[in-house]
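In order of appearance the chains are A, B, C, D, E, F and G, and numbering begins at 1 in each one.
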C-alpha cells in the first residue's frame, strides 16, 4: 500500500517524472493501447502488409467503419491500436505533413521522414502541459526509394523500424509468434498469410470480415485494402476460420 | 473502498489516463448519455429513419421544443441523446462545416465526411485541457451518392457506421431488439415502424406526441419530420399506444 | 458519509463529470435559482405575461430597482429568477444579439432565435473552464410572426418552450397550480390574473407593489410593465391581498 | 465539524457554487465590507447626503486621507465601506465610464446608468476565474434629470435603489434606525442630521472630524464635502459629540 | 489546532477571502514589512524628513548599497521597509509615472497623485491572480504646491497621509514615540532630530552610518541625503550614539 | 517514512525548490537518463569517438532505427542516453541553431557554442512552468578550429567539457574504467577500442551490431558512422564478443 | 512536527507569503546557492578580484568548462555560486543589457546599473507565478568611472555592494576570514592572495587548477583570467597547495 501511495503521488500530473525517472502518463497511455484489439505489420521482400483485427460489438455495425487502417499518401498506410479517435488526429497530422512535402518539394514524403514527423508531434504531448499523451500506437508502412519500410510510433513518441511487429491487445504472444515464423524472404502473399496467422493466435477463429488487411508492394506502390474474397481464401487455406460465418 | 480511492485519484483531471489506460471523464460522459432518453436510427433500403423519445415533464411544455433531432443540411439530420445543450453546440459545428463545404466546393457535404468533422471536434475535448468532454451521443444520417448512411458519434470522438442503432437510456435492450428484428431490405415505412417498436421496448405505452421521427429517402433527399398523424396511425396499427391520449 | 465524500470528489471542478454522468456545478447553479424568489410566465391566446415576485428586505428600498423583468427589444422581455447580477449579464448579451440581428437583416429578432443565442452562451459556461455557470433561469417571452412565444433558459443552457411556467423558489407548487388552472384560450387579462394567483400560492398575501408584471400582446407588440393600479384592481378582485398595504 | 468540512470544500475556489447554490467567496467579500466602518446614504426631497465614519488609528494621521467618499463626476459621488484600495479601483472605473459618456454623447452620465456600469464590472469578478471579488460596497448618489437618486452596489454586483441605507460595520442597527426615522419629505439639512444620528448609533460620541459628509442638491448639483464647521454645529445641536475633542 | 486548520484553508490562495472577510496574503505581506528594519517619516513646517535604519550584517558591506530611500523625481522621495527588491519595483513604477506626467503635462507630478498611482498598482497584486502582493510598505514624501506632504502606501494598496509615521520592525513603539513628541511647528532640523530619536527607541545605540536620512524643504525642493557629518553632530548632540564607532 | 513524506511534498511541482535547495524534477530526469542504455564519448588526439549501446528487445527490430547517435552538422554529432523522443527534440533544436549560424555568419557553428545553445534551451524547461525537464543527457562532439571537443549536456542544462565520459545506465562503472584507461595521446583507432571496452564493462558480451559507433577526425572533419565490419574486427581483436552472433 | 506541517503549508506555492511574512521559495533558492562551491570577490585599491573554487568530479573533466566566472562586457565580470545553468541565463541577460546600453548611449554600462538590471530581473521570478526563483547568487565586479565596484545579487533580487564577500558553500567561514583580513589599501596582487586564502579556509589544499581567478584593474580595465602559472606561484608562496598535483 505504501508503494501504491508512492505511485499515486507521481502519476497524476501529466508532465512530471517519478523519483525513478518514469513518466507514468506515458506508461498508462501504453495501457490504453493494450486495451485495443491487435494490429500486425509485416515487411516482406516485396512490400508491406498491415493487418488489423476488427471484431464488432454488434452484427448491425458496419465493419468498414471500424477504422484501424488508413492510407496517408498513395504509397503509405497507417494502422493503429488503441484509441480510435486519437489515431484519427495523428493520421490527419500525417496527411498534412505528406501534403506539405508534396507541395514544397514535389516529391512523395519518405516513410521514415513521415514517421519522425509523427513521433515528434507525439512527444510534445508527453512534455508540454495542458493535454494528455496520445493513447494509441501506430504502424506506418510504405515504399521508399523502392524499398518497403515498416515503422512503429509508440505513445512516448519513439520511432522504431521493424521487420514484423504487433501492437495492441495480446501483442506479446503475437510478437513471439512473429519472431518464430518470420522470414525476410517471404513474398507478399506469404506475408499476408503470416499476418493472418499472427492475429489468429489471439482468437479462437478468424472470420474474413473480422480482419482488415492492407498491402503495398514495390511493384504496385499504391496502398490498398486486400479484398475480403482473397482473405476468405487465405483463411480457408490456413484453416483459421470457424464453422459458421455470420 | 481501496478500489474507490484508487479510482478517485484518476478521474478528476480531464486529460489524464488511469493506470489501466482508461479515460474516466470520457466514460462518465457516456453515463451522461445513458441518463438521457433513447434515440434510434434505422437505415432502410430506401433511406434513413431517426426517432427520438421526447417525453415531457409537464403537460404545459411544448413538445416541439424538446430538441432531439436537428437538420444540418437539406439532406442530413442529427439525432442526439444526453445533454441537449451540448448537442446544440455540436449541431452548430456540423452546420458550419456543411456550409463551408458548400461554399468551397459547391457540393453538399457527405454524411461520412461530416461525421468525421464532428468526431474530430469531439476528440479535442477529450485530450486538450480546459474543457470537459461533450456529454452527448449523436446519430448522423442522410443520403450520400444515392445511398443512405447512418453514423454514431460517441463522447470519445469515435465514429461508427450502423445499419440500426440506439443511444441513450435503455439502449442495451433496444439494440438487442434491433438486432433481432432488423432486416436490410426493410422499406422506409417499415423502418419507421421498427424504430417506433424499438423505442416502445423501454416504455409501457407510446403516444404519437411522445416521439419525434424524422426521415430522409433516396427518392426524396430532404430531411424532414414525419407528421404526428402518420405516427399516430403507425402506433395504432402496431398497438403501441395506451388507452388515453392526453 | 461515504456518499458525501464520493460526491465532494466531483463537484469542485467546474467542467468535469461525476461517475454517474452528472455536472454538479450545473445542478448547484439550479439550487441558486431555487434560492431566488419565483417568476411566472403565461402564454395566452393574445400574448405573453411575465410576473415576478419582488418582495423587499426593507421599506426604504425602491421596489423598482429590484430587477426581475427586463425588456430586450421592443417586442421581447426577459424575466429572471436567481442571481440578479448574472441575469443582467445575460440580458446584456440578449440585447446585443437583438441589435446585431436588427443591423444585419433589418428585422426584429425572433423569440426562439434569441433564446437559442442565449442558451448557447450559457452552455459555454458549463463546458469551458475558467468561469462558473450562470446562477439564473430566464423566461423569455414575446411576439414572433404574430404568435406569442414563451421560452425558459435554464443554467445548463437548455431551451424549453412553455405554455405556462414558473422558475425560482417554490416553482414546484406554482407549476402544479399552473398545470391545473392553465387554459390556452385564456385572454391576456385572464393570463395576468392566473400569473398573480400562481405567485400567490407561495405567499400569505400579495401586495400590488410586491409583484412586477409585464405584458406584450399580438395587437400591441410592445413589451411593457402593467400599471400598479391595474395590478391592485386584480389583487382586490381575486382577494389575494392582505388587510394592510404598506 | 462535519458541516465545517462540507463548507470548506466549496469556498476555496472563487468561481464555483456550493451544493446549496451559494457563492461563498461573494459572501466572504460581504464580510470584508462588514469589517469596515459604516457609511450612510440618505435621499432627501432636495438631494443626496453621503456620510462616512472616518475614525483614525492615530492622531498623526491626516483624516482627509481616509478616503471613504469620492466625487465621480460633477454631479455624482460614491461612498464606500470595506477595502479602501478595492473601492479606489471601482471609483476609477466609474470615472472612466462617466468620461466616456460625456465624450460620446455630450451628456453627464445618469446615476442609474453609472451604477449598472459599475455593478456589471463587479459581477465579472464573481464569475470569471483568476481574480477575487471586490471586498467593498458602494453607495452611489447624485442628481439625474432633476431628481436625487441613491444606489447601492454590493460585492455580488447587484444594484439596489434606496431612500436611505447604510453599509459596512453595524449596518443592521443603523438601517433599523433609518427605517424608523426616515421621512421622504426631509430637506437636505434634515438629511444631513439624520445621517449623523444614524452613524452615531454605532458610536459613543461623534466628533466633527470623525465623519466625512458630502452633499449634492437639485438646486446646486455639484457634489461637494460639507464643511467641518457645519458638521460641528449639527453635532452640537444634536448632542452627539463627546466632552473632549482631540 | 482546529483554528489553525481553519486558517490554513484560506491563506494559501492569493486572491481569495477567508470566511471572516480577510485577505491573509495581504496580512502576511504586512508581516514581511514587520521583519524589515524601521523607516520613519516626519512632516515639518518646512519640509519632509525620511529616515531609515540601515544596520549592516558585515563591516565589509557598503552601507550606501542598503537601499532604503530613493529619490523619484527631483522633489519626491520614497523610503521603504520590508523586501528591498519589491521596493525597487515600486520605485521604478513611481519613476515611470513621474516621467509620464512630466512628458504629458510639462509639470512635476504631485505627491498625492504619485502615491495613488503606486497604491493602485499595489492593489492589483492583491486581487488578480498569478502573483503575490508586494512585501513592502512605502513612505512617499515631497513638496506639492509649496506644501510638504507625507504618505504611506501599505501592502493592501491603501494610501494614508501622515504628519509623522513609522513602518517596519518596531513601528508600534516608534509610532507611540512620535505621537508623544511630534509638533507640527517643528522646523526641518528639529524634524531630523525627531526622526533620529524615533529610530533610536528601537536600538541601544545609533551610529551616524547606521541611518540614512533624506530631506526636502519648501525652500529647497530638491530631495537629497543629509550628510553623515550632519547626522553625526545630531547623534552626538542627542546622546544617541554608543561609545565605539566602527 | 517522515523523510519520504517530506520529499513528496516538494517533488511534484516542476518549478519549485525543496527546503534543502534541490530541484527534484531535475534529479528525477537524471534517473530517466540512468534508465537508458549507456553512451560513451572519447576525445582522442585525432578526433572524437561517440559510441552507444543499442541492444534490441526483439530480433525483428531494425537496429539502425534505435536512434542513439545523430549528426547535427557535417562536423558535429550528438549521442544520447535516456528518452529517445526527448533527445530528438534537442537534436532538432541543435540542427536549427547550426543552420541559423551558417545562414547568418556563413560559418559552421562551434561545438562549444552549439552546446550552450542546447543547454540554455534545456535550462528553460527546469525553471519555467508548463512543461517537464528533458529526460535525456547528450554528448556533443566535433571538430572546432582544428581541435576535437567533447561536451556533455545534462538535464539541468549544465554544460561540461570532457576528455572521455559516459552517460546512461552503468555510467559510474564505465567512467571509472575510462579514468583508469584514458590517455590523451590515444589515436582515433585506439579511441574507438577504448569506447568499445568501456561499453563492454557493463555487458557480458558485445556484438558488433549491438553498438553504434561514430567518429569525426581533424583530418576528416565529417561526422560519420563506423562500419559494422570495422567494429567486428575490433570486437574480435579485443575479445569482447560472445560465441554466437545472431 | 506541528511546525513542520505548518511550514509545508506555505512553501509549495512559489508566489505566496507564509504567516510570518517569509517567502520560502526564495529561502530554498538560497539553500541551492549554499550547495554550490564557494566564490569570493575582493575590491582592492586597484581593482576587483573574482575567485571561484572549481573542483572537479573526475580527472577527465575539462576544468575550464566549469563555468563559474563570466565576462559580461570588456570591463565587467560575473562570478556565480549555485546552479550553473541558472547563472548562464542571468549572465546572458546581463550581456544583453550591456549591449543595449552601448547601442543606445554609446557608453559602457556602469557596474551598479548593470547589477540593478539583473536584480530587477531576479525579483520578477520571486513575485510573478509560472516559474521558480533563480538558484544562484552572483558577484558582479568591474571598473566604473575609474573606481572598482563589487556587487552581490542574491536570489531575492536584492543588490548589495561589498568590499569583500563570499557566496556559496562555506561562505560563513570565508566571510569571517575576509572580515578579519581585509584591508581596503590592498593592491591587486594582495587581493588575489586574499581571495585564494579565503577559498583555502574551506579546503585542505588548494591546487592552482582547482580555482578560477579573474581580475580587472583601474589601469587595465579589461576583465581577464589570471594565468594558472601566476596562481601556482601564489599558492606556493602562501603554502596553500598539497603535496601532489595531478
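Everything that follows uses one rule, which is that contacts are C-beta pairs under 8 Å (C-beta built on N, C-alpha and C of every residue); 3 or more make two chains touch, one makes a residue touch a chain.
Here the structure is a predicted model, which is why all the values come from computation and not from measurement.
A.B. asks: Which chains are in contact with both subunit D and subunit E?
C.D. replies: none
A.B. asks: Over half shared or under half: which fits the residue numbers at the contact of copies subunit B and subunit C, same or different?
C.D. replies: Subunit B vs subunit C: different; shared/all numbers falls short of half.
A.B. asks: Which integer distance in Å separates the CA centroid of subunit E from that of subunit G?
C.D. replies: Here subunit E and subunit G have centroids separated by 30 Å.
A.B. asks: For subunit A and subunit D, let me know how many angstrom lie between their CA-based centres, rounded off.
C.D. replies: 68
A.B. asks: Two or more other chains touching the same residue: where does that happen in subunit G?
C.D. replies: Correct list: 129-130.
A.B. asks: Among line, ring, star, complete and other, which one matches the pattern of chain touches?
C.D. replies: Contact map by chain: ring.
A.B. asks: Head round the ring from subunit F, going the subunit G way, and note every chain as it comes up.
C.D. replies: F, G, E, D, C, B, A
A.B. asks: What does subunit E use to touch subunit D in their complex?
C.D. replies: 2, 6, 9-10, 13, 15-23, 116, 119-120, 122-123, 126-130, 151, 156-165, 175, 178-179, 182
A.B. asks: Help me check something: in the complex, which residues belonging to subunit A touch subunit B?
C.D. replies: Touch residues, subunit A against subunit B: 1, 4, 7-8, 11-12, 14, 24-25, 28-35, 58-62, 64-67, 83-86, 88-89, 92, 125, 129-135.
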